[in-house]
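Given below, in the form of structure tokens, are the structures.
Look at the two complexes coming up: subunit A is in both, with subunit B in one and subunit C in the other.
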Partner chain A sequence: MTASLAPSQAPAGRRRSTRRRLGPVGTSVLGAVIGLAFLIPLWWTVVNSLRPGDETFRYLNPLEWRTFFTLTPTLDNYFALLDTDLGRAILNSLFISLVTVVVGLAICATAAYGLSAFKFRGQGLLFSVIILSFLIPFDAIAIPLADMFRDWNLQNTFFGLILPGLGNGMAIFLLRTFFLAIPEELVEAARLDGLGPWGVFRRIYLPLSVPALIGAGLMLFLFQWQAYVWPLLMGTDRDHVVGPVALSNLQGQFAVDYGVLFAASVILILIPLAIIIGFQRYFIQSVSTTGLK
Partner chain B sequence: MTTPTTRAGADPRARRAVRPAPPARPTRRGRRHPALIALAFLAPALVALLVLRLAPAAVALWDSLFRTSLLGGTQFVALGNYLELFGNPDFQNALLVTVVFTILINPLQVATAFLLAVLYTRKAAGSKIWRSLVILPIAVPPAVSAVIWSVIYRPDGLANGFLELFGLPAQPFLTSPQQALASIMVLLSWIGVGYWMMFLIAGINDIPRSYYEAASLDGASWWRQLWTITFPLVRRPLAFVLVADTVSNLLVFAPVQILTKGGPEGSTNLLMYDIFTRAYTLGDLNTAQAEVVILVLITLVIVALQFRLLRTED
Partner chain C sequence: MKRSRALLLAGVAASAVLLAGCSAPADSGSAGDGSGTVRFLGPEDPATFAPVIEAFEAEHPEITIDYTQVPFDQYSSTLQQRLGAKDDTIDVYAVDQPNLSQLAAQGFLEDLSDLSDEAKAATSSAQFEINQYDGKMWALSVWNSTQMLFFNRDALAAAGVEAPTADPAARWTWEQTADAGRAAQAAGTQYGLLLEQVEAYYQLQPLAESLGGGSGIIGDDMLTVDVTNDGWVKAMDWYGDTFESGLSPRGVGGFQTAPVFIDGNVAFFVGGPWDVGRFASDASFDWGVAPMPYFEGGEVATPTGSWSWGVNTASKNKDAAREFIEFAALDPAGALTTTEATTIIPSNSEAAATYLPGLEELGGEHAAGVADLITYEIEETAVPRPVSVGYVQFESAMNTAFADIRNGSDPAARLEQATTQIQDAWKKLR
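And then the complex of A and B:
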């Protein structure tokens, strides 16, 4: 029986070993092909932003090397952007996102401190309010909230655009997880040295939690930067329109300068991309904390 | 080492780390009223979350029970709006499209993210670089992705250019009732798959190398290792990714509003967009609020299901 099996097993074993030897190369090639496929739309966007709008469709039929490269790159589209409402809209987005990060971090960090540094009755209840608030997706309740904001005359104000981004249950959750790991001996020692609750927060908790603060800040920033439903409902006039909404308005127009459209897209992508890459470590950390704990 | 005092024993944190019993507690005001101080720190966030998250949900629930007539009168109709919704063919269609979309896109995205995570955690030349190319598009806001793909999907756009390169006939993409929904799935997966992949890569990297070494010594094939080691050990992140992805895909709005307006022939009329048109194009705010309540309930049920699943696993 062993003898009869042996011949049929031998080739299978050899085949497997060949496959294993080819493995890393095959893996590498497959990984490269998929990676490049994901890059193509982005690459094409960047190349189109560097050439005149009337060349966008010139090299598509058939595809050739010039589809993805240009020998005469120009920044004209980016300069043209400065004179349009789109440039203003991108600045609006930037302003809204930055204010959200600064004020939102203050609100979320103090809340996380209140939840983690003290023991009191009703703590569990307050924590579940925060959990519940991030289980209800913001976009889903955007329409009733917009109705409320209209009654309060907050339409087309930066206040109305920024406000919903400030209290972020997910960011509070992330910071709380981090704060709970701060050793109690340290806090006790600081208290003996005469620090009050605010001093402990400022001198002990905040300096020790910089990675979590950056992670939470990224969350707040991306929430606002990627927002579409809310700004569409809340701020559509020329002075308050945000980048993504202005871009989609442009796309719907009859005569579109595709060069400018792609230049605006590149900037709307590049800003969050630069921030994510710059804080990569903290981003991944915040992703794994919110996902796995 | 001293034993913790009874008060510290009641403190859940004392159970985690044995610490020396604190000396006689200082009787400063702060120590006697921790609840008040904590509340002061919590107040801004609590107010924000109550007013900006929970109140609108409550308002939607309340408003959905009334009907405002053209004459200006508001009338209590109990579940009337809900009954009307479920009898409405447009809503039925939106529900059907959303169910089809949910059933297709989530398993596809999660499976792709999982397989790519496996691929990019294997030792191979340039793995880190190729992986980052897949992650890059997560920085693209959904609305911007929609605008870029609107150009790619044009009849004379990049997508048809590639089809021609491979000798395939040009496709209508967004203008075809059969292809529009799939086209939207592609542009969402472009920005989504890399994001979910990051969670799964983190999960796979947590698996001890020794498991694979032992399996290799036992002669387990690569495929067998994938299903008996990797898959069961990333179940937790996988479950999280599936639920979080499902919730985010229930809320898809920008691509529909920018690219198809729910068409052609209602084939991309997802729930979020249906709510939007019902509230603003049709001006039927009360029924739209009923739809908001339905959407929030669906989301909560999915999330509750996740907590259930993860809890029983432990």
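And then the complex of A and C:
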């Protein structure tokens, strides 16, 4: 019986070990293929930003190695950007995004603290309203909101561009969940040592929540960095033009220089990419640890 | 605790000061005395209007023009929202001519009828009529356009085909063009024919007009769709087949097309005057210009129309705003400066007469005859887009239908579907 069992067991064991070995290899290959699929459009954009606009579509049909590589890279498209409003627009976008992050975090963190550290009547209702506020797409309310802003004479002002990004329901939600996980004992100990509500917020909550604050800050940053409809509605004269609008403005009515367009896209991608890569450790941490006790 | 509260308050105060600092609204022009700042909104690159603004400011030192660009794709919708909210930071804006009646009907354009006589004298009759709605004149034509058949002479020579000429009397038919395009393909050129704006009503309307299909909008109120008649279906059958048969490439979208011609990959290319300068500088083969074709046995019809400029009814600086558009449209020297930084035809006839020989010169020997050809088309064969308050919805639904037809949808069924869509969209306009 042992003799009859052995042969049937051996191949099963080999199969298992082959499967065990193939498993990780297969997943890695699959992962690499999916990663490449995501990279290809970005790579194509970078390559085309390095060749003259008229060559953009030359190697598309049929696909060949030159579709994705160029032997004669040139920075002309990037130099051409110097004659456009893009530089000014990037500075404007950075200014708007950074002010939004600083002021927005102050507002959202205070709101989240109020909703997590205190008990008051109507708290549940207030929190539901905040949740609702980020479930409604911003674009859906942008038009009536723009009418109101116009009545307040906020068109073509940085204030008008920054204001809608400050109170972010999703950021408040994230921060509140994180704040709820802060041990009650710690807060009580701080109170016994004589700290008031602001002291607890500043000395206990904020230092413990740096990853969550960075996560929420990135969200506020990206909201403004990608803003397109709102700046269009609020007016984008040359002094207040933002990155995405300047990029779209490069697309002429009669002719489009795709080389320059791609060069501008690459620059607009690089800035948030640098920021996200710099902070990604904290960002992932903040999302994955939110709500953990 | 006191220190932390003080810090927080300081922080809040600092942000308040910072925000207040950025909120100083732009200086609004002085009201109504023909001076101050005129805010001008358009879809063009600021460099395009720099010459006209500079020339105007030199002549009117008391007025400053402040130009803002809105991306072309979002121009209509942005304009609609901002004008609808009575935005007084727009004094003058560029009006896409087919949208004029809709803007005028909503009260977004100042009545300029007192300038009618001058406007009539300054431009062609088609360009004068295009600004009329409800018996009044609402804007002044600044630019005009037409379409021509560009061809790759080298590709045709390789196929042994004699190239067309710029003479309107020897105009080719679409059938002839397609045959020659196929011959060029057989001789090694990748594609036979390509229209610059493959999915745009502007360029495709003449196909149906040539076969008697009309503009697609009929009725006294111009709110009845008529795109399923024989002319339209036949034209779209032909158009769909140019892609089905491989004469035209499917994967190339509107305005990605000129590079295909510049690369020498297509024998015939239907494009505008703006392509003359572009091909002159970028194309390295022998090319030429001929009149836009028509269908055998059909009418000759060419696209026309471009941009007018109008004054916003909510503007607080209308006198200065009017000065500016009169300069750009009615003064020949002013009109000429609007086309200094771009290759498009000024609507002002006198300016066009000065401009066109220069355009021909720009194209060198390739563009020989283009000035006379453009003048002929604008005066004799131009068919404007229909004037209807529902044009915006009509164009948008038709452009989607053209995209589907070139990608293989059955033309008759797809035109039926477009008719239903447009009629639904028009219900609230009636």
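In this text, the second predicted complex is superposed on the first by the 239 of 293 C-alpha atoms of A that agree within 3 Å, B and C clash if a C-alpha of one lies under 4 Å from a C-alpha of the other, contacts with A are read in each partner's own complex, and residues count from 1 in each chain.
The rule we apply is simple: contacts are C-beta pairs under 8 Å (C-beta built on N, C-alpha and C of every residue); 3 or more make two chains touch, one makes a residue touch a chain.
Not measured: the values here are computed from a predicted model.
Student: Since both structures carry subunit A, what do subunit B and subunit C do when superposed there: clash or fit?
Tutor: clash
Student: Could you say whether A:Pro24 touches subunit B, subunit C, both of them, or neither, answering first, second, both or neither?
Tutor: After superposition on chain A, A:Pro24 lies in contact with subunit B alone.
Student: Check the residue A:Pro137 against both partner chains and state whether it touches subunit B (first), subunit C (second), both, or neither.
Tutor: first
Student: Thinking of the overlay built on chain A, is A:Phe57 touched by subunit B (first), by subunit C (second), by both, or by neither?
Tutor: A:Phe57: touches subunit B and subunit C.
Student: Report for A:Ser248: first if it touches subunit B alone, second if subunit C alone, otherwise both or neither.
Tutor: Once the two structures are laid over each other on A, A:Ser248 reaches both partners.
Student: Which partner does A:Gly196 reach: the first (subunit B), the second (subunit C), both, or neither?
Tutor: The answer is both, since A:Gly196 touches subunit B and subunit C.
Student: Going by the contact rule set out at the top, does A:Ile34 touch subunit B (first), subunit C (second), both, or neither?
Tutor: A:Ile34 contacts subunit B only, not subunit C.
Student: So, does A:Tyr113 touch the first partner subunit B, the second partner subunit C, both, or neither?
Tutor: first
Student: In the superposed arrangement, which partner chain does A:Arg238 touch: subunit B (first), subunit C (second), both, or neither?
Tutor: second
Student: Is A:Asp147 contacted by the first partner subunit B, the second partner subunit C, both or neither?
Tutor: Both partners, subunit B and subunit C.
Student: Please name the chain, subunit B or subunit C, that touches the greater number of residues in subunit A.
Tutor: B
Student: When the complexes are fitted on the C-alpha atoms of A, one of 23-31, 131-139, 239-247 or 257-265 in subunit B overlaps subunit C. Which is it?
Tutor: In the superposition, subunit C collides with subunit B along 257-265.
Student: Once the two structures are superposed, pull the subunit A residues common to the subunit B and subunit C interfaces.
Tutor: Shared contact residues on subunit A: 56-57, 60-61, 106, 143, 147, 163, 196, 232, 245, 248, 250-252, 258.
Student: For a test of understanding, state which residues of subunit B touch subunit A in their complex under the given definition.
Tutor: 11, 13, 17, 19, 22, 26, 28, 30, 34-35, 37-42, 44-50, 52-57, 59-60, 63, 116, 119-120, 122-127, 129-134, 136-144, 146-152, 154, 156-158, 160-162, 164-165, 190, 194, 198-199, 202-203, 221-222, 236-237, 240-241, 244, 247, 250-251, 253-254, 257-258, 272, 275-276, 279, 285, 288-289, 292, 295-296, 299-300, 303
Student: Within their complex, state which residues of subunit C touch subunit A.
Tutor: 1, 4-5, 7-8, 11-12, 15, 18-20, 22-26, 39, 43-47, 66-74, 78, 81-82, 85-87, 89, 249, 251-252, 255-256, 258-260, 262-263, 265, 272, 274, 278, 282, 342-344
Student: In their shared complex, at which residues does subunit A touch subunit B?
Tutor: Answer in residue numbers: 16, 23-25, 27-28, 30-32, 34-36, 38-42, 44-45, 56-57, 60-63, 67, 106-108, 110-111, 113-115, 117-123, 126, 129-130, 132-145, 147-148, 163-164, 166-167, 169, 172, 180, 183-185, 188, 191-192, 196-197, 201, 225-226, 228-229, 232, 244-245, 247-248, 250-252, 258, 261-262, 265, 268-269, 272-273, 276, 284, 287-288, 291-292.
Student: Residue numbers of subunit A touching subunit C in their complex, please.
Tutor: These residues of subunit A touch subunit C: 53-58, 60-61, 83, 85, 99, 102-103, 106, 143, 146-147, 150, 153-160, 162-163, 194-196, 198-199, 202-203, 232-233, 235-239, 245, 248-256, 258.
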